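Below is one structure; the comments refer to it alone.
Lettered A, B, C and D in written order, each chain numbered from 1.
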Amino acid sequence: MAATDPAASRTRRERIHDLIFGYDTPAGKAFDLALIIMILASVTAVMFDSVEPQSVAIDHFLYRLEWFFTLVFTLEYGLRIYSSPQPKRYVFSFYGMIDLLSILPTYITFVFPAANFLVVIRILRVLRVFRILKLFRYVGEANLLFTALVNARRKILIFLFSVINLIVVFGTTMFIIEGPENGFHNIPRSIYWAIVTITTVGYGDITPHTALGQTIAALAMICGYAIIAVPTGIIGAELMQEFQSRGAPSPKHQRNCPHCGAGDHQSDATFCRLCGGVLTRES
Amino acid sequence: MAATDPAASRTRRERIHDLIFGYDTPAGKAFDLALIIMILASVTAVMFDSVEPQSVAIDHFLYRLEWFFTLVFTLEYGLRIYSSPQPKRYVFSFYGMIDLLSILPTYITFVFPAANFLVVIRILRVLRVFRILKLFRYVGEANLLFTALVNARRKILIFLFSVINLIVVFGTTMFIIEGPENGFHNIPRSIYWAIVTITTVGYGDITPHTALGQTIAALAMICGYAIIAVPTGIIGAELMQEFQSRGAPSPKHQRNCPHCGAGDHQSDATFCRLCGGVLTRES
Amino acid sequence: MAATDPAASRTRRERIHDLIFGYDTPAGKAFDLALIIMILASVTAVMFDSVEPQSVAIDHFLYRLEWFFTLVFTLEYGLRIYSSPQPKRYVFSFYGMIDLLSILPTYITFVFPAANFLVVIRILRVLRVFRILKLFRYVGEANLLFTALVNARRKILIFLFSVINLIVVFGTTMFIIEGPENGFHNIPRSIYWAIVTITTVGYGDITPHTALGQTIAALAMICGYAIIAVPTGIIGAELMQEFQSRGAPSPKHQRNCPHCGAGDHQSDATFCRLCGGVLTRES
Amino acid sequence: MAATDPAASRTRRERIHDLIFGYDTPAGKAFDLALIIMILASVTAVMFDSVEPQSVAIDHFLYRLEWFFTLVFTLEYGLRIYSSPQPKRYVFSFYGMIDLLSILPTYITFVFPAANFLVVIRILRVLRVFRILKLFRYVGEANLLFTALVNARRKILIFLFSVINLIVVFGTTMFIIEGPENGFHNIPRSIYWAIVTITTVGYGDITPHTALGQTIAALAMICGYAIIAVPTGIIGAELMQEFQSRGAPSPKHQRNCPHCGAGDHQSDATFCRLCGGVLTRES
């Protein structure tokens, strides 16, 4: 093995690289598709394994299947490191971390058996599906969403900070008013109640029993109901902004007047609205 | 019957076609209205039938009513096929499928009695009501909504895909933390809990009992509460986009060209975009 | 009484009219304010009356208070009819109906005692508060909201119609899958469950117990979670539209170029962006 | 001490002022950071203290820690008053009130022991964190959010007023229909139920049991589900408005005037709005 001449080795490594990192060749696409199917099969197997009463035969089969998938994924991980031009960068990249995290749990079960179910983290590898879709328009759309979220990050942080303050104050107030005898055993548990209430989840495992407590709870609910409008408005406005700045695929933004240069014409315009000159269809 | 001359037959078929497919003649409208009333009556009867303690007499009456409606709808289905210019296209169309599905369950009850309640699928036939409204402005509005949803489909898919990943990760984490002794019996059930929580439904049939579990649950709730903003923002921004490109009836579009009569001009237009004539400021 | 000369009578009637219908004189304002305080006091008394264990003395007091308020409101209703220039129009107007409905329940208690609590409908009379605010900017804002809702009515109807279809189909499916043994006793009750789930209220009084039922329920939740975005988007886009067409109080829409007539200048503009002419500050 | 010459005293006071009120010197920043850490530590200690079964040693430690923090905060409060140029204005300012409220509870425990937990109000002091961030862009964003909320205040008040009316009517109706035997003991409790339902929290501690009650409840849920769209739309539209009037960093604003360097020009501008010079298309 050490005797293979470097040129051939480089070629083989490159071929492996194209196969497992590439997504624009038929082989690369087929590899990615097979990978995603295996990931989904593996995750399904783990889920099925967690369902209690099963025969010993099925348990054995699932156990072996799990190891089979783990070994395949370990091999794939090895090949990714081997074929990567910059192995270190791959290992510490987002996908590299997920690839490692998705095989580790099975090995950890030797020490800590319950870790078995952590392999579900494998589901994150399915994010790879976006790579296959890269050639299509999905990535542009995802970027648009992502840009909007990034632009809104400060506003969302301020919002979250205010909500957390609100939750702590409401939680503690309810602990003082209702007290341990009504299920509000301590402040952290009361804060858990405040989160359940303000997010409008409302399990009902802890509920106020005194009249004053119900009044405060009603206030908390109306707060939660009203402030949900804030992040929604933020994201909506950011997206709208993003749409407009990209001149989203609405036809009227596509043409400029050849006489005065004005843009922003309606889709059925024949004449420029500012100089009255004839517009060309294509521009 | 086979002896009727083709011309007369075609005429009769056409008349039936106008009656049951048409909606712009008084007879066609009356037919559609009668149909919708019968569908609603039939669905109401089925619902009423499902309410347990009833006298034998009522049960008998409902049973006969059900068969009466089914036979009428079967006859109507037959006439639709008979009068349709392209019977095959009708049978495999959206409405054709629903029409068939809404009569099948009653016949299936010979083999599988519980199928009886499936006739509720008949409610979908009420969608036909949109056809009657076609002549009014409802369809344009529905199209606007539909276009916005179609334009947003990729963003919504990316969003749903991310939410599913989140749900699987949260569900499995809770299964490991809380375990079967707290109601999280297996991963699918934990995922069901995660969906109940992230969508902020919050039944409370499964709730975390450990402090760590409650912390993770609180995180899941805040996630669910925050990300609801994303689809809302997407749809809102798409609708806004749609509104602007259609130039909704806002006052600034009220000017009409004095030369060609065209309306819907942009606010800063000096010349008509269709004929190039000068626009008057006030009009 | 019949002997009073018509001129004096008209003057007295007009004075009463100004007092109870007017809101721009100090006396009219004071009357409206006193009325709202009495309405709130009356509603509070009814609420307090519904709280079970009270002494006989308090019960008696509340009973008399109720009759006092009812008699005052009856007198006011009589004066409104007497002083109204078109009594019939008042009686059948929105406020006229509410005024009548808010005194009727107490009289009905002679026949049907439980009707007592219906006087809470009096709370609707507080809507009169908007009349006092009429002179301020609240009415313009309320109109803006109202116009947006009216413009969106068709889209909202289409949306509600689709949601009702969805609810009926989900409800019936769950009735067939889960059945009476899991709390889904009949179709109406299952539809109640579907509404509780799709609106993300999630009481937890009826919950799915089978694996298939939980899967369908999860689908219903995700549906409900996703489609909430539609009405929100509709209202948001309509409001935005409304804002833009009213040229909301943003300074940049207030000035037109005195040379070329172009509007839509930024707030700090000194020169017209289209013709380069000097803009006047006030215009 | 009284013998220190006034000039030195003023200098010392000023130095203290810069330390505890300032945030643009390294010392001022370090002080604010230390303060926030102490506040968080203090709040955490109080929360931990509320968790029931703990050893006597820990209880003692927490008790002393609480007094330590209170004394430090009292000293800080004293220094703030001492070093403030206008002590009165500070004491009655928003932050001044919070600073006082955050030390009072511990002293009140001499009289009323349960007050202990009120020190959680200290969490509000963390709002001071915004001061440290003042130099960064967070404050501008917070202002934008705040302006949008202030602009929308009238619309939100009208919305809240309508929702409260709806809640009172639904609550009372359910009290009459369901009655005390189904958990709707009195009108205030029924109104609590209405709030839990309309805000889609849905604890499930009070649920309708009669068919009519469930129908009314279903109506209330659909109302709550639909009207959440209104505040969301309001905030979204206001934010959008705010964005547009500030001319957020969208590409069309990227052109700079070659004469005076001003940016932020509208997309169809030919002349600079500030100097009237001709703009070049590309820049």
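The criterion applied here is as follows: a contact is a pair of C-beta atoms (placed from the backbone, for glycine too) under 8 Å apart; a residue touches a chain by one contact, two chains touch by 3 or more.
Values in this document were obtained by computation on a predicted structure and should not be read as measured data.
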item	value
Interface sides of chain B and chain C: same vs different residues, half threshold	different
Pair joined by more contacting C-beta pairs (B-D or A-B)	A-B
Same-interface partner of A-C, chosen from the options C-D, A-D or B-D, over half of the pairs matching	B-D
Rounded Å distance between chain A and chain B, as computed from the means of their C-alpha atoms	29
CA centroid of chain B to CA centroid of chain D, Å	41
For chain D, residues contacting two or more additional chains	188, 191, 200-204, 228, 232-234, 236-237, 240, 268, 270
Chain C - residues contacting chain D, complex	43, 46-47, 50-52, 114, 117-118, 120-121, 123-124, 126-127, 129, 137-138, 141-142, 144-145, 148-149, 156, 160, 163, 188-189, 191-192, 195-196, 198-205, 228, 231-232, 234-240, 242-243, 248, 250-252, 264-278
Contact set on chain C toward chain A in their complex	200-204, 232-233, 236, 274
Complex interface listing, chain A residues touching chain D	154-155, 157-159, 161, 165, 168-169, 172, 175-176, 180, 185-188, 191, 197, 200-204, 207, 211, 214-215, 217-218, 221-222, 224-226, 228-230, 232-234, 236-237, 240-241, 244-245, 260-264, 274
